[in-house]
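You will see two complexes here that share chain A, one where it goes with chain B and one where it goes with chain C.
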Partner chain A sequence: MSIFKSLPFRNIAGKPVRSFVLVLLTALLSLTVMGGSLIVSSLRKGLDSLEARLGADVMVVPYEQATKTKIEDIVLQGSTGYFYMDKTFMDKVAEREGIGEISPQFYLASASSSCCSIPVQIIGFDPETDFTISPWIKRSYGKELGKLDVVVGNDLNAFVGDTLTFYGQECHVAAKLDKTGTSYDTTVFANADTIKALIQSSLDLKMNNFSDIDPDKVVSCILINAGEGYSADEVVNDINLHVKKVKAIKTKEMITGISDSLSGVSEVIGILIAAVWILGVVILLLAFTMSVNERKKEFAVLRVMGASRRKLAAIVLQEALITGIIGGIAGVLLGLLIVLPFNSVIEETLKLPFLLPGAGGIAVYSAAALIAAAAAGAAASGISAFRISRIDTGLILRGEN
Partner chain B sequence: MILKAEKLSREFIRESRGTNRFIAVKETDLTVEGGIFTVIMGRSGSGKSTLLNMLGGLLEPTSGKVSYDSVDIYGLSDGELSRLRNGSVGFIPQGQTALHSLSVIENILMPYTLFREDITEAEKYAEELMERLDIAELKNEMPSALSGGELRRMAIARAVIRKPGIIFADEPTGDLDDENTETVFGFLRDSARAGAAVIAVTHENTASKYADRVLRMTAGELQG
Partner chain C sequence: MKKSNTFEKLTEIILVLLSVILTAGVKFLFHACGQKEDGSWMHCHDAEQTVFVLGIMLTVMSVLMLIFSEEKKKRWIKIIMIPTALTAVFVPNILIHMCMMKGMRCLSVMRPAVIIISLLIAAAAAVSIYYGRKNKES
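Now for the complex of A and B:
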């Protein structure tokens, strides 16, 4: 006999409404686990990647900028606000104690570009001293960037070999970076020579008034790694104490804000999952209890035919597992359907870096959600199964004619 | 197969009546042998179903014992007793007992499929039984499409599909017309002729025509 003809399957098919409700309930349970864990893990991964990408212990920015805007918004969310300070600060800072690696970055906004409808952030770096972006570019590109070579973030609609035009200047896309879940995904990286060419071109075309910014004379920020034996705190304090008109910020601190809101979001999601589960399990319990009362006669008839108490319990459990697995799969698919296509919407809404786990991670979460839902169904039915096994056949057969 | 009941009784707790304990079946001795068709008659509420359920292993007696071929059935484990019920006992309960998610033939074969046993042989026998009970053309219908009498005959076929050594029937003709009543009693008698111990509870006087032995139940007491 085919398994689909076995009694638990037939009972499920024979009672479509009851089965549908049970499937729906377990689907809801697995959906919350799936969606919740996917969102939380994506946020964690976004944060991790952010930490890795920042790659510097300390960031130095112009003092007035640090008071005006939240630096982390600019760095992490790509808000287009741009600021510059004289390059001499670079030397002043470099003289301080405890500096290990130090390299400037130069920010440029492009209001129009051939790739994108939104303004993209262009970050210029100094290939000689850079320690944050180069290792990462080397990994995706394999060589150093030449003049008018750019590396694009993962979300930009440009691919290796494409030509992008910024301020009328054609640039060659040398590499595309992996997804980071940060503003780096919409950033274009170029070396200082390229930046200079772009500024010159914008001036020639009178597209922008960049006349007062010269990449040879100004920088946007300075990235620093503490030297051996020095902590980031020491470096920050030393700079803030001795170098005027700049502000040193510990990058970890910028992330703290994000990491705080992340734990806030995780907590809300956790509470949501718990609430749905408590409700769902209570309803499941009720549903199974009701269905046992309704099905007493049916079970008594099976007893008459020679089903043992254990056999009846097994039938009930199998039914619960089948609806649990179907519901679990439905919930997982629904979760994927909601989170995967709308991950950028979620990122926008939460204003936090969001990086989906890889296929392996998604498989693990799917399995966990499925198992949790099926187990909840089985556990809820377990009580019913026990009650059924207490049924006194003779009494039930007499009671309902 | 020999069924033996010794000093079998059953009490129920009743809140509403004056006395709390109500004796539905008074101490009863009964022996039924294979090949014999026994009919128990009696008024409603006299304890017939209670007695039959105890004899069939479905209701624990308050006192006394029931044995099949000298095996004390209430001394068996639930699993053992269930096996015995599946293989050696055919029980047709009072009232409707169809499994509504299964078709007529699937209902009849359930004693096999419950344990995932092969049904090729059994299916042939099921068709034979349906023929005899005049429900052959309903083979693939769902129970909801059947009349009360047709459902009753389906339950009879289901009870005897394993050719049990003991057959119990509680009001097997409750909702049957005269013609079908004769068919069913004839069928039960033939089952006894084939070697089974058959015990039927009924109001129907025609049953005595077919029975080898008629017993009366009055207020919990069984009389020869």
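Now for the complex of A and C:
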């Protein structure tokens, strides 16, 4: 009896090429499920994080900036840039009806830092009125930011205690934000005093296009949350109607494009997974059918030796399950090895918010991919197992079938 | 005994292949960021050069290991390969500071690729030592 128990393992070890091909196929199946679902869930998590990160209902920017795509590039894509408008607009907007919370922001793009040729987006905020950035910063840094203290995004290669130099001003890294999967990850945050000092330095060094601005009298944009009883649409319409030279934008509308792209990417990934699975399952089905046909005599001999019809089917199913589990594990490991270390490349390629799930989420996706691959192998071998349990031993051993 | 020999040989061939992939890859496939507009290089270029030199050392050692037939010499080469490969793991961003953003090529492509391949080299060398010892015992 024990020989029947160890038979599936012996069969797998005895036919290394066949077993390797089956393992490879199931590995491919679990890899596609693992990689695909991990990427799609990271994109969804990135979009959720982006919605939470925007944190304001309405954004007011200089009118000429709203006609360009620049503002969306800075806020959503993490491109660097800056623009300013007179601070008096802040008072004009604040006087309008339906304003709940209101806070200004200051944008500044750093020149290439000393280590490399990539500029960094610097965002300044007013800690007294801010309601969008402070909640994120408080998670990583409980204290107030001082002058020339900065908080860096998670994707910046700088750590607490480091010194970063922007426009000749040495800034102290006070905290590093948690990963958000959005353009926040590549941004440097500072209070209004620091930003004003940096704008002044950029003007002194003639590295800023706005030579005639006074850092004390400008803001880049105004963020607004609608007051109780008012909708974002009402606030947007009221500002656009009554305040000249500025444009109010509903932030939810800004992420519509990203949401559409995400749906498109998810759809493509879904189609690819389905295509690989259909192809993989068909090949597995053929592989098991051919393998069982080749081994009819072997199974007939086992039947003569006392193996029941059920036992023969169990041997085929067990072989499929073992190769499925080995392949599933290999696929999951390969998926993790591709998606986890190279997630920045995927993010850069897709140009969409990308936030990997936590360890628990990754474990769930891994288990699901492993179960799916093992089940696919077992299901594909089901027909062959059924057929082999119905063989006519006599006919096969006489060579008539 | 035959099986141990086959596995040992297989791990040795894998070691040669991985060392060649690390050496050629860090220059042509998963290289660091390019030159700046002014012609100068970023910090990560130093890391690329260092990994390249370590890759050459690993390649030479792995080829010598294949040439030598004496088990003791082979084992010592494999032992030396482990810290050499682990040094390559720590070169990007720990021993040599890399660029500013994680999305940049040196941090998003070169660093994970170097870490994975170097760890595989160290693991393959350890497995090869194990099979070498097993072979000797039997």
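Everything below uses one rule, namely that the second predicted complex is superposed on the first by the 375 of 401 C-alpha atoms of A that agree within 3 Å, B and C clash if a C-alpha of one lies under 4 Å from a C-alpha of the other, contacts with A are read in each partner's own complex, and residues count from 1 in each chain.
Assume a residue touches a chain if its C-beta (ideal position, glycine included) is under 8 Å from a C-beta of that chain, and two chains touch if they have at least 3 such contacts.
Every value quoted in this text rests on a predicted model; they were computed, and no experiment measured them.
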Partner chain(s) touched by A:K147 [first = chain B, second = chain C, both, neither]: neither
Touched partner set for A:R309, first chain B, second chain C, both or neither: first
In the superposed arrangement, which partner chain does A:E348 touch: chain B (first), chain C (second), both, or neither? second
Classify the contacts of A:N157 with the two partner chains as first (chain B alone), second (chain C alone), both, or neither. second
Which of the two partners, first being chain B and second being chain C, lies in contact with A:L395: first, second, both, or neither? first
Partner chain in contact with A:S6 - chain B first, chain C second, else both or neither: first
Using the superposition on chain A described above, determine whether A:R139 touches chain B (first), chain C (second), both, or neither. neither
Quick check for you: in the superposed arrangement, does A:G14 touch first (chain B), second (chain C), both or neither? first
Which residues would you name on chain A as touching chain B in one complex and chain C in the other? none
As the complex stands, chain B meets chain A at residues 49-50, 53-54, 56, 58-60, 78-79, 82-87, 89, 91, 93-102, 106, 110-111, 113-114, 116, 119, 158
Which of the residues in chain A come into contact with chain C in the complex? 112-113, 115-118, 120, 154-158, 185-186, 337, 341-342, 344-345, 347-348
Partner chain B, residues of chain A touching it in the complex: 1, 5-7, 10-11, 13-15, 297-298, 300-311, 392-395, 397-398, 400-401
Within the complex, chain A is touched by chain C residues 33, 36-37, 42-44, 93, 97-104, 107-109, 112-113, 115-116
